Each structure stands twice: as structure tokens, then as C-alpha cells.
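Chain lettering (A, B, C and D) follows the sequence in which the chains are written, and residue indices restart at 1 in each chain.
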């Protein structure tokens, strides 16, 4: 499909029950394969006994004459270790940038933030399409040369609209859907089909002010900080695994419109961080929580 | 009772419905009295039409031969203006440090933070007593030379214990009670008698994780920040007007004991800030929210 | 030139030696004029004896049939008070948005941030032109419909280029020039002509790492935070009055390109805040320092 | 000397030139020894080609009948790997808490912060002595039951005083000296003898405001943030490897005494963090910079 930019980098993510020797057996397996580990993060939750590891490594054969064969060999090696220790694992190769669809409604700040960081090289992915239930943000898509798909959503057409959305995602082999202030609720089927592959931004510090109009809730309660939460979408609305959160200070001087403006800053920052970490394979989801091996 | 340290400083706090000329009439009244305004903060909530002002000023007569008469003159002047414009107001004189009672249970970090800042001159008040339902922190009180009153509280003795606590507050002419991780719930009568004069620290970012064991709730939900909230105690538990909040970053590496340790840092900071602002008459409460004219 | 949007709001900024009665006489003068004070911030530096005040007020006559006459009356009133107390003062009327020229070179993040906030209504001004020594950012200007003036600068053409720049600023009645990562040094004449009206962003936490390549300096020194500083340009490079600063955490994992990326975030935030405060007349410069009455 | 609390935990720190297989050979060596890796942090600086790793592991034999023999076996194993790959390495055993001497002058806030965190179990070490050139803080030491050594320092007695200090450190087998606002400059000999084992707190955001009276420098320059820097002491004053930095926001309202008060908060926080990371063997020093594997 896309021509593979040759690179010898790959990332391995692993989770399983902890037991002695896991680090050694993975490191040994990679070394036996001729790989050199560049960054390794590892975490054992001593309460739950769960083991998590992220290994970013270099394997010269991946940039060699037969990268496909190199991948197969590598995966066979990891599979052997993983089966022995009942690991859940995945490898992502540097050759292949993840493919991201951005969903928006009428609000532009999160979209711009993602597109500008993408252009600046901070967010490493392909963005083959933007999907929206409104036509409003088409000019932004045009500026960045990204196809814009306007799929209106009404109560009556919802099922059909979703079918069109999902067909788009499949046609474009989308790995990650980012809900960048997309103001529609996706069906359980959609979400389940993309488990841990849909990132949503909620404009509050969850679990405070879950649900609608969080800035008005915040103003009514007189809080001194407002926040934003990026999480993987689940069928329990606003209850998915939290990836990142941040807050910004507010005061009695801030009227609702000021809260909304401050909120924009923290929303776009938090969402972009979450997307970047996902794209760099820094996130492991386990039991509705995330382990984020942030840079 | 205490010998009045002579000072010519005073602070006037005012709230009322907004109307033209409020700032002018107050400034004019003070000027007519011979006072010089050092700091003035003013806020009009254009949504609710409420007016708030804090004026910190210098009046040479307050440090003159007859400070009592100076106070009476000043108050008569302000009363005249205030009655005309239906202002709610109070004046606090620099002569008289507020008198603070600190309530604790077994946890020392908030107590130490308050006492050290008090000794460093950051918190300007007198602390005539520490009250506790346990004897554990008596040595801390002793180090700082502050009388420690151990009043055990059980379900059976609760009413009687509270009566003793309230008698202590009255005997010592206490202006402010600080619940520095005091793990007992005060009765509605107690709280009502000290409306806007009891500051509590809740070890979460309210309204998230209200109620007990907030760090365990936070860990279970996998949040990426934990916080603390200082608020005036009201009969609705954890629902009082918020004075200050702050957060600290946590990660998957933080076990419950680490959350508790990080929480201590943010709790003590938030509580001490709230207490300082109260003592400096920087807080106006209106309709379950605060206006804080922070320095 | 532009049609005046009718508004009854104005802002008065005052600085002078402190003396009793300043607040009262200003408030009284405005009240006598029929004005209602919405927000008043006042600060007396008790060390230097300097008095600073910002008064944001409503004067119905400013939106009346003869706003010009209303302005003249208002200014005559303020002048009388100001002359008596040797105040330095200025009034800005809501009718007239400030006119801003943005100077850029090749870097887009600060420019985008300003333009997006402008479009979102966070930054209240007109932006009649963008000036650059490169043609690179013309497409950005086009997207937002703002005329783009490409004026190349070489050592030889510098004087002539500056003459063209200054002519543009004069022709467009520019109130504020924002150097949004403009990589040329302006002449002393230029800067002097626009004293306290040129805002620059320096990509370090000044005074640390003044001069060029601050991220490389920071990396070499192994600092744990990097920052940005917005200041008014003066003829002493990087020594002008600081308006705003902020920092972001970095670690050994951050390579120079990561520092640059993190720096972009803090630069754009700091610059936009400084510009907003300037446009809202929140900044008073005194003796190479600023008093910022931030919202 | 102290009775070893039995524990099976240890931490291995390694630095060397990067080459393939380092992670695997260390992990394999530990696994061969029967050890289980709990946390592993690893970093390769791709610019300099330097490799850094911290491995926290469990080795049941360390808590077995012959811990000394277990240590010897473990070290022999690591030495073999390390020699082959020219690693610089050290192991710290959980049995043996590090021994810390705190140096103070007259300022108490950093001392209290360390002692309270120590008592709360946040800082895992023994503190056999406090050294001071003044007698002022003896009562604090007494409260926490720690011997206090008053060694006055004058220009004339400096050499002799340092000899007494160093004798104390040797007698008490001190691993780390913490200069908690100790206002004397140590000799080059002293510092060299304790390379990377003396932590100092500088009350500014280095390299800004190096040298004396940084808060006055900061006030004079009108900065909007003040900071603190914890670093290892070197013979180049204020130039040692930076361990941690943080800042706090200040404004025109802050007079020098307020800057000092805010500075206390950030100083104590930064110093305590640096001390904790050192005690947990999270810091590797390389070429005047630190790699901090923070929790």
C-alpha cells in the first residue's frame, strides 16, 4: 500500500503475570536475533502481580534486503518466549506509520493542534482522512491537504452514517480514530470493533463533571482548577481507561467563556499527548487502567 | 486580653449588588477619614451582578493615642456608606491577630506545615490551642509551645466532647478553626455556629472522589493526577465553598502508599494557602462560592 | 478608518508616586463623569513608593450619540486629577481595537497560535498585516486572510528593509508589533520609536541562556526545566522588561529536537499570554520591570 | 555496626559505551543468579552513544542464611559481565540503608522537610548526625532525637573545622552529605573526597542568578518565576551536575520577603526530591550531567 520507508527500529509491548526471568528471556531472545535494545521500560505492579514491558530496539535485518522475512523471524522468536510465559504481546515496526482518522464536529482547536504537530514531525503517523458530522472544518482539512468526509448524523440516519464511517476506516486501513471534540456518541458495536484504538478527549478532569456541559458544572461548583482527560473510548461513556489528564488554574474572574477558552488550551495539549504516546506504542491497557511509559 | 501591637493597617471587605459609584463612595469615605489605600482588589461578576471589594489601607489614627475611638469613627463612616448601598461588610484591624485553633487526629504533616509557617512569619495569627481526639501529636504541640487538648471522641461521648471543644473555642475567643486532617465529623450545630470560620482539607480534587478513602478511589480509577481541596465546612459534607485546590502528577508506578505520600505534599500546601488567605481577609463567600483576592 | 463598534467600555492605566487619596480621587472623578467601575486593580510598591492602577469601567456616554465628545470630556476630567497628582496615565477605549503587526521568519507555531486565538476571540485586536524576512509562511497568512509582506533582510539591505517595515507600521497605524520568532535584530531607532510596543519571545528562561541557541545551551548544562520569556524589546538585547515566563519539564530522554518541540509549546503559550495582556491594557512598565494585572 | 534488616532487594546501576546485547547480558546474568527484576529503567543517549541502566531486583539468597556469600556471588557475576563490556557499575543492597549527614546553618525549612519525610518513611536512610556552624537548630535535632554537632567556622579555623567535619563523616561511615542551606563553602579537598556524594540546594533556577542573594537578583530583574536547583557539589561553585529543579510563580505583589517565603517552598521540595532519588539509587552522573530514573 504505502511504500515502506526503510528503518531498522521496532517496538515490542508485553504484558503478563509476573514471574522471574521475563526480562532476561525477552532480552536474550532479541539479542539472539541480532537486535540492540535502545530503550527499555518495565514495570511490575507488586499489588496485582502484573508485568509490563516496552522494548524499543534496532534490528539491522529489518532494513535489510528481505524485511518481511526479518519480521517473520522476529515474531516467531518472540512468540516462542511469549507462549512459554503466557505473555500478551505486539510488535510495531518503524517501517509502517500508524494510520489515523480524526473525527471532528465544529470545534477546531484540537484538530489544528494535531495537524500542526503532525506537520512539525512531533506526531509520527499518516492522516488519510478527517471525518465530520458537519461541513464546517473542511477549510482546515484543505489547508493541510487532507481529504475531508462530511457524514451528517441524525437520530434517524445514525446507523447508516456509522456504517459509512466504518467503511471509510476499513478502506483506509485506519489503526487509530481520534475523537477531537467529536460531539456524537458512537455505538457499542463501533467502539468494540476498535477497542483501545479510539481516543476521546473529555473536557473535564474525570471523574469530576462527567457528562455534558462540564464547564458550567465547574463554574457552578466554584472549582479553582479545570481539567481535561484523554481516554480510550469504551461502551461506558466517560469511563474508559484514562491515558492523560491535566489542569489549568481558574478564578472568580473567569466567566464561562473564559473557562471554555482555558479549557481549549488544556484539551488540545492533553489530547495531543495521548495521541503521541499511542502512536509511539507507549501505552498498555490492563483492567481499565493504563500503564504509560512516557518519554 | 492580648496587648495590641500598634499598627495603622486595616482591611475592609465588602459585597453587595453592583451599582454605579460603589468604588468611589468607599474610596471617598476612607479618604475623608484620612486613610490611604495600599491595595485594592475589586471584582464585579457581570453574570450575577454581584460586587466584591477588598481594600487594604493605612489609617494613622489607628496607631494614634486613642485607637478605639479611631475604630468607632471608621466604622461609623463605613456603615453610613454601606447602609445606603446595602453592602455586607467587615473590617479587620492589624492590631488584632486572628486567633486560630488547629484540630488534628494522628496525621502530622498539615499540623507541622502550619506551625512552621507560623513560626517563619508566613501565617500571621495566634494559635492558642491544638485540639485532638488522640494524644499522638502532643509532642509536636510541645515543641512549638502550644497547649494541646486531648478530647477523645466516641459515638457515645460525641455530644459531650463537642461541648468541651466549643467551650474551648469560646474561652479562647477563637476566630478560625482549622481541621488539619481531623478525622471526625462535626455536628451541624457546631458548623453553623462557625459558618465560614472552619476550614477543612479534603484529600481529593473535589468533586471527584468525595467521601472516604479518596486515594484508593483514585488508584482504582487510574487517574493521572491527584489533588486536594481546602473548603469552608458546611453541613453538606465535602460540599462547602472551595477556597483552594491543587494537584500533583501520579503514574502507574505509584502504589497506594506513594499516592498517600504525594497527597501529603499537596494537602499541606493547599491547606496552608487557604488558611493564609483567610487570615489576610482575602476571601469573600457568596452563594456557596468564594472570591479569593490572592496576593 | 475602521467603523467604530459601539461600546461603553474603557480602561484607564495610571502610575505615579504614591500619596493618600489617589484611589478616591480617580474613582470620584470617574463617578462624577457617570462611569461605573467594573474591575479595579491597584498596587503600591511599598519599597519604591510607586503607585499603579488599572480601572476598567463603563461610561454610557461613550456609546451615546457623540462618543468623541464623551472621550474629550472623560480625558479632561482625568487630566485634571492626573496633573494635580503628577500621574502618568492613558485611556484605551473599547471602540477601537488595537492594531497588531506580527513579524515572523520561518517558524510557524507562534504565528498559528496567535491567529487561532484571534479567530476564537481570545485575543481582541485587528491584525492588518504579517511581516516576514522570508516568504515561507505566506500560506498561513493566506488561510487567515491576512496580507503578508515579504521584506528580505540582508546585512546590506537592512536599513532599507527597516524603512519599509516602519512605513508599513505607520501606514497601518500599528499599535503593537509582535516578534513571533522573528530572527532579525531590529535597530535601536526602530525599537525606540516603539518603546513598550514591541513584544518579543525569547526561547529560554531569561536571564539563563540569553543569546543564541538556548536549547543547546540548556542541553549542555543538563537543566531539568526549559522555559520561555516574553518581554518588551529594548536596545539591550534580551534585557527588556519581562512580561511573562513559563517552563516545561525535560529529562535526559529529551534530545535537542525534543527540547525544541517542548520549547514550541511553552513559547507559543507565553507569547500569546503576553500579547493578550498587552491588548487588554493589563501591563504597566516602570523602571525596566512590569506590573501585570493579569485576569 | 547496624543490624542488617533482612531484605532480598537490591539495585544495580550501570553506565558504559552502548553496544548490542548489554540489556540481555545483564538480565541473563541476574536471572542465572536466581534474581527477579522488579523494575528496570534503561536509557541510551543516541547522541553520545552512552548506555545507562538501573535494575531493581529481588534475590532470595540475599535474605537467606548467608547474605554475605550471596552478595559476593552476585558481585562476581556482575563483575564478569561488566569487565567484558567495560561497564562502570555499583550495587546497593536493601539490607543497608544509606547513612546521611545533614549540614545546616540557621535556616530550618529544608532540615524540617527532610526530617519529617524521613519519619514518614518517604526518605529511606539513617541520619546519624546533623552538623552546623551555628547552634541555632539544635532544638530541631533534639526533637527528632538526632545528635547535633556544632562546629563553628571562621576564616581562621576553617581548615580545622573541616578536619573535624570530615572526621565525623568518616567515624559515622557517612554515604551522603546534604547541604540543607549550609552557608559555608567547602574546600576542594572535601568536595573531591565526596564526589557525587554531596547534594547542595541553590536557591535559584541555575544558571540564572548563580552566586549570592539570588532573590534580590530576581527581584531586580523582574522575573515572573523563581526557582531552586539541587545539584551535586563540585569545585566549580554552582556548576555541579543538576539533579532537580522547580519553579514557583511570583508577581509584582511579591516583596523580597515574599520571594524568600515562596523560595522556601520550592527549595525544600526540590532538595528532598533530589535526596530521595539519590537514596533510591536513581541517579547516574555522566560528564557533568545526570540521568535520573525518577519513579
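Following the convention adopted for this analysis, a residue touches a chain if its C-beta (ideal position, glycine included) is under 8 Å from a C-beta of that chain, and two chains touch if they have at least 3 such contacts.
It should be emphasised that the depicted structure is a prediction, and the values quoted were computed from it without experimental measurement.
Both copies, chain C and chain D, contribute mostly matching positions to the interface they share, with over half of the numbers common to the two.
When chain centres are defined as mean Cα coordinates, A lies farthest from chain B. Averaged C-alpha coordinates put the centre of chain B at 37 Å from the centre of chain C.
Look at where the CA atoms of chain A average out and do the same for chain B: the two points lie 43 Å apart.
Touching two or more other chains at once are residues 39, 43, 46, 251, 253 of chain B.
Listing the residues of chain C that touch chain B in their complex gives 18-25, 27-28, 30-31, 34-44, 46. Interface of chain A with chain B (complex): residues 43, 45-47, 52, 205-209, 221-225, 227, 241-247, 251-253, 255-256, 288-292, 294. Across the complex, chain C is touched by residues 39, 108-109, 112, 116, 120, 122, 139, 143, 251, 253-254, 258, 261, 264-265, 269, 295 of chain A.
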